[in-house]
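Next, two complexes with chain A in common: one pairs it with chain B, the other with chain C.
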Partner chain A sequence: MKYFPLIWATLWRKKTRTLFTLLSVVIAFLLFGMLETVDYAFSHPSAGTTGADKLISTNKYSITLPLPFADLQEIRSVPGVTDATWLTWLGAYYQESKNFVFALPIDTESYFNVHKDEFIVSDEQMKNYRGTRSGALVNVALMKKFGWKVGEKLPVHSTIWTQKNGSLDWTFDIVGTFDVKDSTQANAQAYTVFFHYDLFDEGRSFGKGTVGWIEERIDNPANAAAIAGKIDALFANSPNETKTQPANDFAMTFIKQIGDIGFVLRAILGAVFFTLLFLTGNTMMQSVRERIPELAVLKTLGFTDGKVLALVIAESLLLCLFAAVIGLGLSYATLPIIGQALQGVQLDPVALIPGLGAAVLLALIVGFPPAWRAMRLNIVDALSGLH
Partner chain B sequence: MSEVIVSLRNIDKSYVRGKQSIDVLQGLTLDIPKGEFVALMGPSGSGKTTLLNLIGGLDTPTSGEITVAGQRLDKLSSGGLSHWRANHIGFVFQFYNLMPMLTAQRNVELPLLLTNLSAEKRKANAVAALTLVGIADRAKHKPSELSGGQAQRVAIARALVADPMLLVCDEPTGDLDRKSADEVLHLLQILNREHGKSIVMVTHDPKAAEFASRQLHMDKGSLLEAGATLV
Partner chain C sequence: MLKQLIAVISMSLQTVPQRLGASSVIVIGIAGVVAVLVSVLAMGAGFKHTLADSGRDDRVIILRGGSDAELNSNLTRTDIDTIGNAPGLAKDAAGKALLSSELVTVVNVPKLDTGTDANVTMRGVGLKVIEVRPEVKIVSGKMFRPAVRELIAGVGAAKLFRGLNVGSVLRLRNADWTVTGIFSSNGDVHESELLADVDTVGSSIERTGYSSAVGLLTSAAAFTAFKDSLTSDPQLKVDVVREREYYAKQSAGLTKTINIVGTTVAVIMAIGAMFGALNTMYSAVAARGLEIATLRAIGFGALPVLFGVMIESLLLALLGGVIGASLAWMFFNGHTVSTLGAAFAQVVFQLIVTDTLIITGIVWACIIGLLGGFFPALRAARLPVAEALRAG
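This part shows the complex of A and B:
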């Protein structure tokens, strides 16, 4: 700590240059924080389902391709599968396309059996839902977001499913609300609207007798892989082969339909840090070059080679860590905004922690060459201006 | 006979620049008693600064023995020389060589960072050194806010703060006007006479050399006979 005033003062020797370098690093780490959080969310999915006791079967070749409804009975017969339910992606929004709504047609009995003890719904509202063919159960957060009230009509626009009359608009009656028991699932379910599968299947103009995917509850998570294998074996070489995987993996597959998000994000970050490496590295080199007589004086006073090396590296660490903490702090502040833009994706601040590691790595890479040069400085040559 | 603080025996020093070897010092032998204020004079290229660097432990001889404050410097490693310098030598340069971003007090504290003194003690010692050179009122000023004479006083305070036995001064008045130069030289004289500091000072200025208790003249890498000067 006793060297801190010296390192800090040295860092701000050229205020403007340090400020601009600091800003560059802050912006890089702001970007890092934002992208890394999204990447983390995509590679640690929690959207849609919880627990290791659930599997999801989709069409082997694409999640956008349907499965025959008849597969359901065969899947239910697989040992280890305690229940199964079926769903389809409505692809809906409310009024404007930015108002994404995860409207999900469900078979009430089997869905709440598979997702036992995951949702909180009052008995009265559940009774109303069961008794109302056009009824919908809406997540409490979504109700609050749009200011909806129980008893109101809920019109949504599907981007996929036309009704028999050719309309893409579907209207439900809000008969109740639900909340999630596991608070970690709050974000994942924040846009969900449940409505009756019968209403959907009868109303749609095509695709009858098919489902988007099938969700299974299994008796023992340890047997998940074996059970998944048995399910897929049932449909091997059929026109509708399946791909069965743990629910969390499914969420990732679902999101990755839009491309290899991780690769894109890492490519952007790679480019940013590669540029930053040159920028910060050049600043550090220039800074040390300008201070050669001062470094020579420190050595003259008795600072050893190792101490001078450590001082320059500490300066680099201070610059990078200081800027990284600001940048990551700013990105933490933007999490709610990103979360809103990526509706349904849960963002975890824990993804920001590797940022500090990246800052240390950056500091060492850009700090070492000038530190090495400072360490190797010959005092006599440096004082006589030969360096 | 008084105790010798600097002893050089048959010192040779040569540098290699490109493919050329340049002999700077040849067979130099010299004793400087403790408590002496020596002025080292001679034309440019005569080897004064090289000799000063050897005495200050900034450089090592090509051959010969050099003993300062009882320590054989030619036997020490680079790290050993660093530790030795921190404890035994104070340096004063022609252009002060203060850290521009630090206050006078922080500049003076620099050598004390290598000790185990507490922050309070370091500060107290720095203020004491600044008081000794008569510039305590400028403790919070940065070098750019000081005149040349004041900056050199701060540099002398920095050289003194770790209480070294020997002060090594390379043209300490070379960048100062006559009045400031005389003040700095007078200060060095007080440090020598009243505080017992041994001083070796390189200078081109005969008037500066008059402040010393002994003058040595160098030419072409050798010391001239006592009393001899170049004409």
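This part shows the complex of A and C:
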């Protein structure tokens, strides 16, 4: 540690060069942080405890194909299923197609029973909601985003469901707001608007008696696989086979189908780090080359070969880690923006930690050749300028 | 001035080999940026191309009113009959309208590379399909027969999904289907699909009715009359869309996303590469301080020195740009991938490294090179001659 001032001073020997190298490395790690957190979010379903006791049953072939409403009773009778609720995808937006709104028709009793203790709604607003046929409960954050107020009408446009009068516009009365208890689920629910399933089912011009998917609450998360198997067995070989999976895995089935996102991200990062190796490597080489007489002086003063090697490697480590911390810090600051751009994907900063490992690896690779050279330095040759 | 400039440039280029390590930083850094930019944009271009090619101006798609996509749409047999009688549809030799009633559903087929199930579109088509879609050509095997569970698979689907060979039997939705042929379709979205007889598909999934109807018009101009006759029919509630518009709309969102993501990543990388270029050129100027000062002392102007440094940087950047674009072209042009399309089913497409993309990449390279060369060039031009000579 006592050598820190020495290392710091040699690092800034050529200020511009170190600054530009540092900035390049900062940029690389900013990118690393951004891409790595996205990759992590796509490969690790939200690990929140909220989802562990819930299953989702969809049509085996596609979420776009419906299930008969009658499946619900059969599913409820499966041992281990404490309750089940049914939902349908409205595919709605507010005013413009970029303003996606997750308007979700729910059966109030069973929905809030399956999703027990997940939402915070004041008793009074809940009472109003139950009492208002066209009522809607809106996420607080969404209310703020569009500047809606309780008591206003909320018109949304469905891209799928026509009403009996042929209109695709559905209008609700905002009677209350809800908040999400588990903050890790906040992004997942950021666009949610709850409204009554009855209103939806009676209003739609086709598809009555079908549901989009069914969500189950189970008594013991450890039995999730067995219960899912029992549910699917109920409908095997029927025209509407189901696929039941833990709620946390459900989102992954779509993400996996988008493509090999991980491959694309890793390929980009590979290109970034390959170029970075050359850049920092060149800086370190130059820096050591210029300091050969100084290094020789250090050796004359009694620094061992090993110590000189360590000094150069430490310099490389300092440069890379310092830059990596700044870069990863910057990418941490961008996480909320990226999360929002991805329609509310929860990005976990834990994915930034491997970045420090990458920085150490980078530092060792680029630091070693010049360090080796410094270690092998012959004092007499170096001082006489014969290197 | 021009003579001086040429002299300065040839001098700086001759010394590049002595600064190979530092110079390669510009080349490799910029090659990386351009390779990433071009490859990602090639993905967007390929996806757009696949969907844009799926339409013809004289072909229409008829959906239930308000349905955005075929999967949400439903037409009855009566609807189809009414549509078949509308004016403007092309007719075959026997006088029957060239209209294919279609039923779109989704089946699960494992992907070849990962083995995980993917949603693939299975399209039941009417007997008139070959006349309505003349671009559909059987490349191996033969056409499916109606009333038996036979299907033909698109070349794109056959390339990426398991078990799509002529003669193989697939279990789809609890029924065994024989693949009788592989078809090509001008590189469009239908090459990602499985085609079979519409009524066989309907009975197999226990669904009556159709998703859509696709008709060939006598000419592109017949569209308005055709549309008006259908939309003014009080018995019918349908949307009539030109096929090209229908598919172009499906590609808009994803293409935009890919382009935004690709450009953002490339801009960030470009900033990093620019710092690298600055570094290289500053050290080049420093290394050649004595040389530059000598040039100035014997009467060379500041401007040729400035341009000399910038042009060196520009040429190195250009080399990097060409290498990056070539790498993207070599590795990814024609590379087949698939993604989840608008209909929640896989769309197979190829990356296309177009001329425009190569030019875009090289323009980016030049901009990075110029920005990275400018400030060092300024320093070189302002170098105090006497001091530099003394220091040397």
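One rule holds for everything that comes next: the second predicted complex is superposed on the first by the 328 of 387 C-alpha atoms of A that agree within 3 Å, B and C clash if a C-alpha of one lies under 4 Å from a C-alpha of the other, contacts with A are read in each partner's own complex, and residues count from 1 in each chain.
By definition in this document, contacts are C-beta pairs under 8 Å (C-beta built on N, C-alpha and C of every residue); 3 or more make two chains touch, one makes a residue touch a chain.
Just so we're clear, the structure is a prediction, and the values are computed from it rather than from any experiment.
When the two structures are aligned on the shared chain, A:301 is found in touch with chain B, with no touch to chain C.
In the superposed model, A:279 makes contact with chain C only, not with chain B. Of the two partner chains placed around the shared chain by superposition, chain B is the only one that A:13 touches, whereas chain C remains out of contact.
Using the contact criterion defined above for the overlaid structures, shared-chain residue A:271 touches chain C, although it does not reach chain B.
The partner of chain A that touches more of its residues, comparing chain B with chain C, is C. The touching residues of chain A, when paired with chain B in their complex, are 2-3, 5-6, 9-10, 12-13, 293-294, 297-307, 379-380, 383-384.
Interface residues of chain B, counted against chain A in their complex, comprise 49, 53, 56, 58-59, 78-79, 82-83, 85-87, 91, 93, 97, 99-102, 106, 110-111, 113-114, 119, 122, 158. Per the touch definition, chain C reaches chain A in the complex via residues 21-22, 24-25, 28-29, 31-33, 35-36, 39-40, 65-68, 71-72, 74, 105-108, 116, 118-119, 173-174, 205-206, 237, 265, 268-269, 271-273, 275-276, 278-280, 282-283, 337-340, 343-346.
On chain A, the positions that touch chain C within their shared complex are 16-17, 20-21, 23-24, 27-28, 30-31, 35, 60-65, 91, 159-160, 162, 166, 168, 206, 237, 239, 241, 254, 256-260, 264, 267-268, 271-272, 274-276, 278-279, 282-283, 285-286.
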